[in-house]
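Each structure below appears as structure tokens.
Note that chain A is present in both complexes that follow, paired respectively with chain B and with chain C.
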Partner chain A sequence: MSYTIYTATGCTRCKIVKQFMRERGIDYVEQDMKAAGKEAFQKFYIANRKSIFRGPAGVEFPILTDGSTIRQGIGASIAFLRANHQLDGFFSVGILHKEWVDGIHISSGNPEYAVEFLEVLRYLKGNNMKLQLDTNGLNSQLLQQILDEGLADVVIMNVVGPRELYSGILGQDVDITEVEKTISLVSRFPEYKFQTMVVPVIRQEGDQPEVRYLTAQEIGETAKFIQEVTGSMKNPYYIKLWQPKEASDPRVKTMEPMTPAGLLSYRNPARVHQVFAEIEKAST
Partner chain B sequence: MTKPVEELILPDDIHYYEEHTWVKTEDNLVKVGISDFAQDNLGSIIFIELPNVGESFSKGDEFGQAESAKTVSALYMPISGEIVAINSLLEETPQTVNESPYGGGWMIVVKPSNLDEVASLLTKNKYIDLIK
Partner chain C sequence: MTYPSIYPTGVTIYNPEKCWNGYTIFQVEDLGALLINMNGGEVKLWKNLHGFPNKLLPGGQVFGHTGERNIAFSVQDGIDLIQVDWDGNIVWKFNQYEFIEDPGEQPQWMARQHHDFQRAGNPVGYYVPGMEPQVDKGNTLILCHKNLVNPKISDKLLADDTIIEVDWEGNIVWEWVCSDHFDEYGFREDAKNILARDPNMRTAGPGMGDWMHINSMSVLGPNKWYDAGDERFHPENIIWDAREANIIAIISKQTGKVVWKVGPYYDTSEELKKLGWIIGQHHAHMIPRGLPGEGNILVFDNGGWAGYGAPNPSSPTGAKNALRDYSRVLEFDPTTLEIIWQYTPSEAGYLHPVDSNRFYSPFISGAQRLPNGNTLITEGSGGRLIEVTPDHEIVWEYISPYWGKAFPMNMIYRAYRVPYEWVPQLEFPQEVPIQRIDVTTFRVPGAEPCGCSNVTEVAGVLPYQADNTLCVAAGDEFDDKQKE
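== the complex of A and B ==
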């Protein structure tokens, strides 16, 4: 199988992906969009524009394709080269730059492929990249291995809500002890933060489901959850605004969005249990 | 690295809109594109999204988008009117806007709802004052 990699001159991440392919004898054609590959990239972009992610700094490179699948960013590209679709879910494009790599989602991939996942992280770390990983509490065993090996520089945990709402918000049965284990592990990383997005929650199913946003009291309970597990009221904790465009469930897509000012009333209940609780201004 | 103002090509026989589109009157229609300043700031353009013929817009409305690898920039109507033609060649060769912003890189032709709006647009010198 032959790959095409679209790169930009001076892109360190592109060089690392090319090095990975050379080391493993993987054939590839490089199209540098700032040099001789400009026209080829333009054609590729026109044909695949809707599949190509643009971050705040524009199109993220490298972009790798085998002709049918497109992977963008260093983590997703190496994961695809190493394990084809097995690691889908663990990696997305990411928006951080220079030596930082984000878009690594511990809870979103299949833990059966933990060995391959960890190999990708080791390769990235071995090439002097700094890794920012995120989790929602699932796959705690994987997080333990990441902690033991020092594979993450920053871990962000999305504590989706208080214990009793966790399964409902994630839409699957969740073993809350696993979430507790993850909270405990996250607080042991050199740099970490907890966050909760104020999402709409389906309170009652049915033809006319009852849907309401997480309340300020529930955010307070979430902060308490973190306090109880970590034994600390001084964790970095952020309350985030949810946008209807992020919803995949049609029942919540039509929700009126909350305003940043509307979130202010959530801060004080959270600060009862996490004294550094803040409203996160920018979307990350 | 963008060009200094002295090196920008800014023809005298067209009008400029503050949102970096230009207008050239041809009979009772106006041709619209983006200025050399705009294309230079965008860098290599890789996609142009244009409206459909028959759509109407007011002055200042967004009528499309120009995308380069580094940014996406909205295209704004310099005058009010109906789209009567689009440069469909830009779908396949958007780089023409970089190569010839006032020639082959034109974007739309508009039937103005008020041709007098053209006179209220900027002259070359006023546009230079804006971008300096």
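== the complex of A and C ==
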């Protein structure tokens, strides 16, 4: 199999991915978009722009392709090189810069490939990268291993709602004890935060489903959930705005978006149980 | 600012016929919230009730605070905002803005309130006919602090200003964060440069930049400009001023955006040049409907030192790069910027500029428009309150006799006059006129009177001339040079 890696001159992450390939004897062609590979990258970008994320700071490099699959960013690239599609879900494009790597999702991948996943994390850490991981409570066993080995610098847990709504919001049966275990583990990392996005919740299925946003009271219960598990009212806890454009479920795509000011009424009940509760500003 | 060693305190001038008579409330450091009558009689003290400021409510209730956060960790954070009845019972309290854990201190919720607040029913916190603040319900707007870092402004921790609206139950229902609107304030590049390096850093806590230092906040209320179709002056919009930046601004309650402002520069139009460079100002507000001058902006333009910009001999770094050593009280039209009324050293009778520093408070201070057209001025740093008529006659004067222990000044942050009817617990006081003492003849015991008993005539001497014989230009000569 032949790989092409699109890089940018001086990009440390690109160097680490190339090093990974050299160490494993993987052949590749490099196209440096700031040098001789500029034209090649432009052609590639135009042909594949739907698969290439362009954030506020521009396009993140490296971008790796085997001709049919495209992976962007250091984590996703090394994961693909290590385990092909087995680690899909664990990695996506990040938005952090310099030594920080995010877009690592503990709960979104297949835990059967824990060995390969942890191997990628070790490789990134071994190359002096700092890792920001996120979880929604699933795959707590993986998080335990990450904690034991010190593989995460920051962990963000999306506590999606109070106990009784957890399965409904995630759209799958959830063992709430696993979520509780994750909450407990998260609070033991040197740097962490909990967050809840105020999402629409399908309250009643059917031809005309009843859909309502998480209520302020439910956010209060979520904060209480965190308090009960961690035994602390002083966790960093953020309430986030949900955007209809983020929805994949057509039943909620037409929801009227909430305003940042609308979240103020959620902060008050949250602070009853988590005193540092704050509204997270949308990234610009 | 030029005081002799010995001078009287308390009420020194009082003309009941020309005054808008009532009680006056203000905060006295180390004493509490003090209510005095027109003769200076201390008719009520809420002992040790802090106030930043104290404001009186109808029925003899008062706003204040139980205390301030340890100054090692904060810049002027009030722990809470409380409403206290005549007997000292707390009838309303807000403190749940931020949970604070300062080293060595008891962790607790705090309001982090500073400088101002407004209870629904009244836009400005002082007496307006027909606009009484609510006492047993209603939302309260509160000016607060929040620490944050905003890389657009500086990489340093900021003590940012926020305005929150809380309901009677204490829920925060609206919040505005000053730094979110940095791009709307119109700072030039030289100002941004010094702001990035020194956003008015204070030593509290890990060090924090009190970059704007908003020191007043009030609601516009119903006004003629909005009635005429000018949306900038929507009655719910909020006016504030920032002493460090020399900005007075109105923000939309709906969007939070700046919809009107003067400053940070006063050299960008002929109207602004005529208004003059406002520096370190306090208590900018719109005179509410029902008071003389309604719709105009009333502000205590302190002078002193403030602003960000290019370095100059008085400001080697560009911080606090505007200076003036006298104060002005300005009333101006917000649509034309024309000055409608003013009280400056000239109106006070001082030869300008050589004697102008006799009307000068480089910090704190305020101005309240009274129903009869008079203005109650707090010349704060010297603890002086004066009531002046529209034609600038001082008809009431009070000098605070209280010097703080930790803070050796008799300063008054901001005083308010309220009608007697707001304090039903007291009998209407007697109003005893106090004539101006002729200071040319007044003597303390032991001092001898004017008039020399041994006078010698000198042949050939000429008469004395006017102020153009001084070392510097003054009076008309100074004014003429300014116009050139």
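Just a few scattered comments:
Definition applied: the second predicted complex is superposed on the first by the 282 of 284 C-alpha atoms of A that agree within 3 Å, B and C clash if a C-alpha of one lies under 4 Å from a C-alpha of the other, contacts with A are read in each partner's own complex, and residues count from 1 in each chain.
Note that in this section a residue touches a chain if its C-beta (ideal position, glycine included) is under 8 Å from a C-beta of that chain, and two chains touch if they have at least 3 such contacts.
Nothing here was measured: the structure is a model prediction, and the numbers come from that model.
Once chain A of one complex is fitted onto chain A of the other, the partner contacts of A:Val275 are limited to chain C, with no touch recorded for chain B. In the superposition on chain A, A:Leu241 makes contact with neither chain B nor chain C.
Residue by residue along chain A, chain B and chain C are tallied for touches, and B comes out ahead. Of the two partner chains placed around the shared chain by superposition, neither chain B nor chain C is touched by A:Ile95.
In the superposed pair of complexes, A:Met33 makes contact with chain B only, with no contact to chain C.
Applying the stated contact rule after C-alpha superposition, one finds that A:Arg267 touches chain C and leaves chain B untouched. No residue of chain A lies at the contact with chain B in one complex and also at the contact with chain C in the other. Note for the complex: chain A touches chain C at residues 234, 261, 264-265, 267-268, 271, 275-276.
Against chain A, in their complex, chain C makes its touches with residues 96, 99, 101, 109, 171-175.
Touching chain A in their complex are the following residues of chain B: 44, 46-47, 67-72, 91-92, 94-95.
Taken in their complex, chain A has these residues touching chain B: 8, 33-34, 38-39, 41-42, 45-46, 49, 54, 57-59.
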